[in-house]
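Below are two complexes that have chain A in common, paired first with chain B and then with chain C.
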Partner chain A sequence: MSFEFGPVAACTVLLGLWMTGLTQLPSKLMLYALQTVTLGLLAIWVGKQHGEPALVAAGTAVALLKGVAVPVYLNRVVRRLGCRRDEGLLLAPPLLLFATAGALGALMLLHPFSRQIAPSALPTIGMLFIGMVLMVSRRLAVSQIIGFLVLENGIFFYTIAQPHSMPPVVELGVLMDILAGTMLAGLLTFRIRDSFEHIDVTELKQLRG
Partner chain B sequence: MPPLSHLFLGAAALFWLVLPLAALFDGQHTHRRAWSALIGLGALTLLGAAVTVLYARPESLTLPLPFFLGTAPIAFHLDMLAAWFLAVIALSSGPAAFYLHDYMEHMKTRTDMRVFWTALPLLLLSMALVVLAANALTFLIAWEVMSLSSFLLVATDHRNASTRQAALVYLGATRVGTAFLAGGFLWAHALTGSWVFQNWHLAGVRALGPGLLLLTGLGVKAGMWPFHLWLPAAHPAAPSPVSALMSGVMVKTALYAIVRLFLFSRAFAHPAFGYILLILGSVSAVWGILFALIQEDIKRILAYSTVENVGLILIGIGGAISARFLGVAGAVQLGAAAALFQILNHALFKSLLFLGAGSVDLRTHTRDLTKLGGLGKRMPYTFGLFILGAAAICGLPPLNGFAAEWLLYQGSLHIAAQGTTPLLRCCGVLMIGQTALVGVLSLACYTRALGVAFQGRPRTRAAEEAKEASRGMLLAQGLLAAGCAGLGLAVPLALSILQRLVTPLAPNAVPLASVWTLPMPMLALLLVFTTGGIAMWMESAARRQPVRKFITWECGFGDLTPRMQVASGSFAQPIARMFSAFYRYAIHLHIDGVNRRLFPEEITVETKTGAVLETRIYHPLVRWVDRAGDWIVQMQAGSIHLYLLTMFGTLLLLLAIGGFTR
Partner chain C sequence: MRFASILLLAFYLIHALTLPLLLAGVIQFSKSRFLNRQGPPLLQPFWDIAKLFSKGEIISETTTGVFRLAPIISIAVMLCTALMIPWLGVSAPLPGDLFLIIYLMAVEKFVTQLAALDAGSSFGALGASRKAAVSIAAEPAVVIALAALAAHAHSSSVSLFLATGPGSANLFVLLLVVAALWLAVTAELARMPVDDPTTHLELTMIHEALILENSGRNLALREFAAAIEMTVLFGLIARVLLMALPPFSPVTAYLLSLGLILAAGVALALMESILVKLRWRKIPSLLSFALTAGIIANLIVVLKG
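This part shows the complex of A and B:
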């Protein structure tokens, strides 16, 4: 990977880190859109440099669909649900931001993973980790969707960072899955609201067998 | 043009696959005769396949590409050993088809028959596939279909709480068995790098680990001591034709795998396996028949007796494996032939006995010996066929059970006479004594079952009002009985087939036919003539002297009631006392009255038996598993965050493990 990759990668990870400290859902969505568009542009740029038209196409699709369409849709969902704030679970979001930053720093320094994972791929794992943190640390169902999307961004990031990226068919297929999944999750959130009169995931404890 | 055997197998699969599809749309159980006919046709074509394979070269069959199991194809191997077991499946399930439609009639209102008619052909088909599987993955999948479909069949009468309990016990046993089996296969694959059974050649210490896992997994299914506990639970709970199939055939598929992997293909070659099988087989045989002797439920008696027979078969297999390592060539062939012969025999007579017990259950609505009695006069044909089955299972000549036990005795004699060390010769003698003990005990067991259920006076109204079973049910039992008698007379034919099967094991041993020195048809004729002569003599004696009728003198006690007959408990008592250490047998006798020595007013006798294995080992084990389950359930708290954390934690852990191990 060329050295220009580094600052952009750091930017996307930092955007993700910023998201862990936010309580307002619209601003979180804004940051997510920024992150995804950046990643899409990065993919287009990398694809141009390596002469891989498939990666360019994938990057464009990601930037447009995941970076614009999905946040707009989720923003509408949030507005119609009428709950803009997610207080977070256990740890207050600002504290969580510091804890996550510490954990990420430790991850970078210790590098406890297989040597097959190049140091250049570490930020991508960091973004995966941030996605997990976002999913686990919030109460509302919409936050879980956002966390999942960030996690998926991490995976996409990983495929760009690898010298041999995934076949474009797989990449686009995953993209389609994510879109459909997000639509479904958005609709299901309404269903949850209608049946439980809230979308607080911590209260959904009757789902066990 | 595919070979004939493929056509036959395809036809059998077709018959048994059409049935579930058709049965799904027939909730009312209206076409049960058609379904039974499909079962029977499938069995017939399977028998055709078995016969064609017996007289042809071994063949392989690999399904084309869309059917693939990840790392191995769906592949089958048709050779003589598989054919022998296909014949076992076909000969036992074919007659049962005649039994099904009349027997299942009474279940119609109690349960959804669609499940039954779907699971039954799946069970039959999967048993055939288990026998034919060429690699471990195909085997495991067929094995799972077999386990689960038989679980559904056991749970047919699931409105009954005890049936549910039994079905759960059985399900647990199959899960444990499959877990061991999967572990063994994975280990063997790790050592050999292949899933194909024919490529497995592990010897020495390397064979021990995977071999022991496999032996445990197969032992659970086979009902080997100490894993036999599901048999007496599941067999009484299942509908009788299903018990017949499970006990007669399904148990044998596990024995098939043992024979295939440990004896024929030498996938796991180590003398320890022979000794283990020999010891556990001996324990199973004695333990099974001892517990069969004290049961009150006819089907439980039969289930424990299956444990005994599996024990005898394992003695044959274990003896053959041990003899090969100890260099007693004659015993290898004899042990293997005895085991294979007994597998076929047991499928026939145990199915016959289970169907007979089913007829009794259907007509009297009880299987409890203490509530039966006097059925011989009310169900004469069932009685006669039951006698024949019992005589065959006890190994009485000229029936088929005798021939297999004869081979087993001959094998033990070979070890006793030609063993290389004195210790080995002693073991041979002990094996003879042990087989004889088991034979005698089984004679006592079946005399008890027959005598108490069919002879004397009926103990309850239900037994008094019993009627003969329907024609279809009798036909099924008649076919099986004909199989027992016919096989007993056609021993040379069976031995000639077995000879071709077992010759590769020890090529230069004495031929099997040389140990079969009995002129069995002559003896049978002699038996028929003697019996006929005695009957005719008694007839003429009765005609010469008029029959006088008297009341039995009752020693002044008053009327003789059916309760005064020898009961099942009292019949078993002498033997139960002899072996009271096994049973934890205890009799509490209590006599009450003012002058209780001379004029007792109330006498109560209570016998108690306890099963050591259940109370001392399995109950604590199950309790421990239960407690562990409670702990695990806490994790399933319904909290989505907890689930997510678990998943992410696992992911990070795996990443870290990957990092540290590289």
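This part shows the complex of A and C:
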């Protein structure tokens, strides 16, 4: 990879890390949009560099659909649900920020998967990890959707960091799945709210008719 | 050579004595302009300080010598650090060390809090405890952010790790350090997201509660020391930003630093006009971003070797 890849990759991972410290859902969505658009542009750039028109097309689709359409949709969901803050579970956001930064540091310094994964792909593993942290550490269903989307960003990031990226059919198929999944999850959030009067997933322990 | 170093010392001293008040004036002026007010003239802080020096003062009966001595120590410490940090774009007249500077600033905070406790009023004690609590979160961020630069230069000497030129750390690290410093420094200076300097509401004030018992000459020295601290720390941020650019001639670097310091003042005024004060409980979470940025900067430096 040439010299621009490293800083841009680090930027996207840092945007993810920033999201772990936030409680406001709209600002989290803004950061997610920024991260996804950056990744899409990075994919377009890598595609141009390596002469792969499929990657350019995938990058454009990701930047437009996942980077613009999905955050706008989720923003509307958040506004209609009327819950803008997610205080978090287990750890308070500042502590979670430190813990995630520490874990990322350990990942980069100790490099535990050195047999399977090239060093250049380590930031992508970091982003996968951040997505998982976002999913397990938050209380509201919408935050978990955001965590899932960041995790998916990590996978997309991994494919563009590899010299032979995934076939475009798979890439676009995954993109469609993500779109449909997000729509469904957004609608489900309303259903959860309607039957439980809140979207706090820690309270979803008993069945209701 | 000896003459040149004396000249440099005089240059730094003159700036340390005039620029802080000008910066305070610029902040006041731009704050009033953002609020669509006429505002005081740019040089108003100079007249304010002069007025305070000529006024009489009222001192609480419970005070001891500490109360009288503390502002003098503050201003001495601030002038010392102003001579050690290359905040004017050219190299500093005195050799300085990262840890020396950090601990000197800690001494200043300590005597300020001691003086606030000495007057025996409850607000002073409240202000002191709040200041200490904010410092616990802000100081590590400053140290760790600067330590990234020191680790890159393999030296804690200020003149080495703040040297501009081809050997300086990469842009990414510098921007992270600037972000961390800006967040931590605005908290240390008790400016807007953390403390509103214009409010005198007892429930929230930090800096004002610390200096509440001071009047006349003591108050002038306090205000002056705070202004010097702000200018030097803004100059430090400007210096780190300048390290990201290709090296300049000393005159250009000096003019750029001056411009950046005043621009930081305007940016602070803008922030104070549009932001609301954070709740007290939220301050650690704001400063955790600064500390994380510093940690990541260190990590990148270590990884790059």
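Definition applied: the second predicted complex is superposed on the first by the 205 of 209 C-alpha atoms of A that agree within 3 Å, B and C clash if a C-alpha of one lies under 4 Å from a C-alpha of the other, contacts with A are read in each partner's own complex, and residues count from 1 in each chain.
Throughout what follows, a residue touches a chain if its C-beta (ideal position, glycine included) is under 8 Å from a C-beta of that chain, and two chains touch if they have at least 3 such contacts.
Just so you know, these numbers come straight off a predicted model, no measurement behind them.
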Combined model on chain A: chain C and chain B, fit or clash: fit
Touching partner for A:Gly82 - first (chain B), second (chain C), both, neither: neither
First, second, both or neither for A:Gln144, with chain B first and chain C second: first
Touched partner set for A:Gly51, first chain B, second chain C, both or neither: neither
First (chain B), second (chain C), both or neither touched by A:Thr202: first
First, second, both or neither for A:Pro94, with chain B first and chain C second: second
From chain A, separation angle of chain B and chain C (C-alpha centres, steps of 10 degrees): 140
First, second, both or neither for A:Met132, with chain B first and chain C second: first
Chain C versus chain B - closest C-alpha approach in the superposed model, Å: 20
On chain A, the residue positions that both chain B and chain C contact, one per complex: none
Complex contact set, residues of chain C against chain A: 171-172, 284-285, 287-289, 291-292, 295-296, 299-300, 302-303
Touching residues on chain A, where the partner in the complex is chain B: 89, 111-117, 125, 129, 132, 135-136, 144, 201-202, 204-209
List of chain A residues in touch with chain C within their complex: 7, 10, 14, 17-18, 21, 23, 92-95, 97-98, 101-102, 104-105, 108-109
Residue ranges of chain B touching chain A (in the complex, touch as defined): 636-641, 644-645, 648, 651-652, 655-656, 658-660, 662
